[in-house]
Amino acid sequence: MNHLLVVLVVFSPLVGFLINGILGKKLPEKLSGALGTLAVLISFVSSILLWNHVSIHGGFETVLFNWLAIDTLVLDFGFRVDALSIWMMLIISGIGTLIHLYSIGYMHGDKGFSRFFAYLNLFVFSMFLLVMGNNLVVLFFGWEGVGLCSYLLIGFWYHNVAYGHAARKAFIMNRIGDLGLLLGIFLIFKVFGTLHLATIAELASANLVQPQIINWITFLLFIGAMGKSAQIPLFTWLPDAMAGPTPVSALIHAATMVTAGIYLVVRNANLYQIATLTTQIILIIGLATSILAALIGLYQNDIKKVLAYSTVSQLGLMFVALGVGAYSTAMFHLTTHAFFKALLFLGAGSVIHAMGGEQNISFMGGLKNKIKTTHITFLIGTLAIIGFPLFSGFFSKDEILEKVFEYSPIAWGFTLFSAALTAIYMLRLYFVVFLGNFRGSETQKANLHESPISMTLPLMILALLSLFGGVLNLPHFLPENMSQFLSHWIASIPSMQFMAPSSHEHHLSQTIIFGLMGLAIVLVLVLLFLVYRFYASRQFNILPNQSRFSKLGENKFFVDEIYNHLFVKQIESRSEFLYKVFEKKAVKPFIMLFPRIFGQLGKVFQRVQDGNVENYLLYFVLGIISFILLILL
Amino acid sequence: MDLIGYENYFWLSTALFSIGILGILIRRNMIILLMCIEIMLNAANLMFIAFAYKWGNMDGHIFVFFSMLVAAAEAAVGLALMVLIYRKFKTVDISYLDKLKF
Amino acid sequence: MEIQNIIFIILSALTLMCALGVVFSKNPIHSGLLLVLTMFSISGHYLLLHAQFVAIVNIIVYAGAVMVLLLFVLMLLNLNKDNEPQKSIMVKIIGTLSAGGIMISLVAVSKIFLVQKSMQGRPIAEDFGYVKSLGALLFTDYILPFELASILFLAAIVGAVFLGTRSVENK
């Protein structure tokens, strides 16, 4: 039964992909969209049933078939369904279903409608492999699969050359990370002799391996996570990835795929527990990414770009949580982030839809009354992400801040700064888009309309989740049986018991905890007031900013240019040298030597083939004689 | 002494085969070449029959049967080609057929 | 000396003489007729070897059909003159040497592979070479090749007809 459910979860999106991918063009749009959505819905329902099983009986593994067996390397195509993976499965399939539903409305009339759903389904399938694989190879398979789907979907409108380049950029940047992941997997196999995740966790807990090697392993895995989860230095692809359709940005580049790096670290938490050096690196990189991305986000005028940098920043926050060893907190923020960021992206999609494709916020404004549902849900998403009290983001962000404070007050200061920046750029986005006067063209104004129900329904559901998502992991000072649900849940995995809230001592006194929380609340409220004042004084318009720093921010701190100069140009010049000198002067003459030799030989032996049948017959007979003699001798 | 043994037939068959080869190598008329091929085929057939007799096994007869069948088909197609060649080149002398070369 | 041995010697001599005649005859028509004689003498050998059915088939197929076809073509193309240009003496010598080489190699093969082994034959059965037993074999063990042979013939017929007619169109 469980086996069947697991198969259903994983393979129903694959079937959806195959049907849409093969028959796509012949299917009517409605049927195509319904099939794609249904496939993911089946996964969602099966996941809920599996959740039920896991909550009663605990996690289990199921092997589909024996993949390959070479010497000591035995690989099963097996799945692991435990508290952690079922959590991810529910997020993927749940949000996936909503976004599929949304896409039916959003992609309406697009030429590649069925292709879009085929890719989305393939993505969901790969994502399931990633989170459910019971060994690192299946995980890697899914990891590459989501990378491929990301590439395909970013470049979905491939007629636009810039979009194609964005897709390539994402793909290549991810390859760099993947190389790290691959090396990490090799090293794990070398050290532990297995790729089975549960076994690795066991062996890691036994403390048999030198911490030095564990540091290397975890660092290499983290490079993979860096690429996928867009951390410094591999973060520049994510903002460009906004070239894809908005549902893609919501599903892949906000809610699910980019969190794969977080999942990878949490899944191997037993290794990261030991690797003190790597966790410090993670903390620093997470913080730096979080702040840098937030600073860039402050100065962007493209609605999707702002959200993209916001995603990078929030992912940085999750890594901060991982860096201080608060794995379940990272998972909690991952979850709430999936809710409110998907909501924000879908809301942005709805805005873009209403504006007839316009993405620049300086041409928006005053949309509050024109598209009411979108406005309210977007407001909820904004409040959630800035950590407005009692919204889901408030709880998760607060938990991160508390854990970081416990680890190091300095890091806490930076994290708080990043959180404040988040509040500023998100409020700016909200005010400029929804308040003030409409600044777009007359035709846009006339065409402003609320999106169809298939688009607003997911918005409303996600808004509810963003509102109440916080209950998943209420602060620990509340009574035991209603707080810290997620932490307890993940700690139910035997190898991850150390994550249980009760197991580790709280160093902080109640006063400090409440003080921190109060500080965060006050900060948010003050910022809300200040930002409102600031933009209200300008009729909620963006004024061109002349300060040097803002120029820097608008140009994304020239990170792309620096990379271009440091890597691309260097490689190009070397390649050109190799092409012009090495290939043309050395390789080509050498290779051309062979055709010449054989050409000359051919001219000599050509005479044998004189076209005279008599001679051929003679050669033939002589051949037979020599053949017989060869046998005899 | 019984002369009708496989050994005598082996000599006979070998001689026939060599005569066929000789004909192929020294004659230029294509139809004669076809005839020589028939002689060689028959040499092989004779060998089959002799060994079938030797081993008391009739499979050899079957082989001969099929080889004749193939020879008949070959003769039919071969002669058709020959007629075609004659119409084209006005000769069946293989020395003149040297166009098929690089 | 037994009568069979005498027949064998006569037949063998006839076979070889006729075969040589085929090769060395100047007139293609004579070659064809001598080939018919060769076939007849080989059929005689088949009879000596208790292969009655094959002997008959040999005469019908070769002497009857194939040779008639050959002679027919010879007449049709008006080649019944001994105007065939001779090859140079050099080529003839090389050809003869090669043919001799083949013969020597084959004899050597027989000396090594055939004679060395003790070749104790098996007595032949009562119905050896009968049409009935041959038919039984043909329609049981060899039914597939037998059926395939019909396809081969069909292909040969189609090919021959095709080649024959197209050349007319070309003219």
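The first chain written gets the first letter, and so on, giving A, B and C; residue counts start at 1 in each chain.
Rule of thumb we're sticking to: contacts are C-beta pairs under 8 Å (C-beta built on N, C-alpha and C of every residue); 3 or more make two chains touch, one makes a residue touch a chain.
Just so we're clear, the structure is a prediction, and the values are computed from it rather than from any experiment.
Looking at contact counts per chain pair, the maximum sits at B-C. When every chain is reduced to the mean of its CA atoms, the largest separation from chain B belongs to A. One simple way to say how far apart two chains are is to compare their mean CA positions; for chain A and chain B this gives 76 Å. Averaged C-alpha coordinates put the centre of chain A at 79 Å from the centre of chain C.
Chain centres here are Cα means. That of chain B falls 6 Å from that of chain C.
Residue positions of chain C touching 2 or more other chains, listed in rising order: 87, 91, 94-95, 98-99, 102, 106.
Counting partner chains per residue, chain A has residues 614, 618, 621 touching two or more of them. Within chain B, contacts with two or more other chains are made by residues 21, 25, 28, 95. Against chain A, in their complex, chain B makes its touches with residues 21, 24-25, 28, 94-95, 97-102. In the complex of the two chains, the chain C residues touching chain B come out as 2, 4-5, 8-9, 12, 15-16, 19-20, 22-23, 28, 31-32, 35, 38-39, 42, 45-46, 48-51, 53-54, 57-58, 61-62, 65-66, 69-70, 73-74, 76-77, 79, 84-87, 91-92, 94-96, 98-100, 102-103, 106-107, 110, 114-115, 119, 121-125, 128-129, 133-134, 137-138, 141-142, 145, 149, 152-153, 155-157, 159-160, 163-164, 167, 171.
Only residues 1-12, 14-23, 25-29, 31-32, 34-36, 38-39, 42, 45-46, 49-50, 52-59, 61-62, 64-66, 68-77, 79-84, 86-88, 92-93, 95 of chain B touch chain C when the two sit together in their complex.
Only residues 87, 91, 94-95, 98-99, 101-102, 105-106, 108-109, 112 of chain C touch chain A when the two sit together in their complex.
Contact residues of chain A toward chain C in the complex are 614, 618, 621-622, 624-625, 628-629, 631-632.
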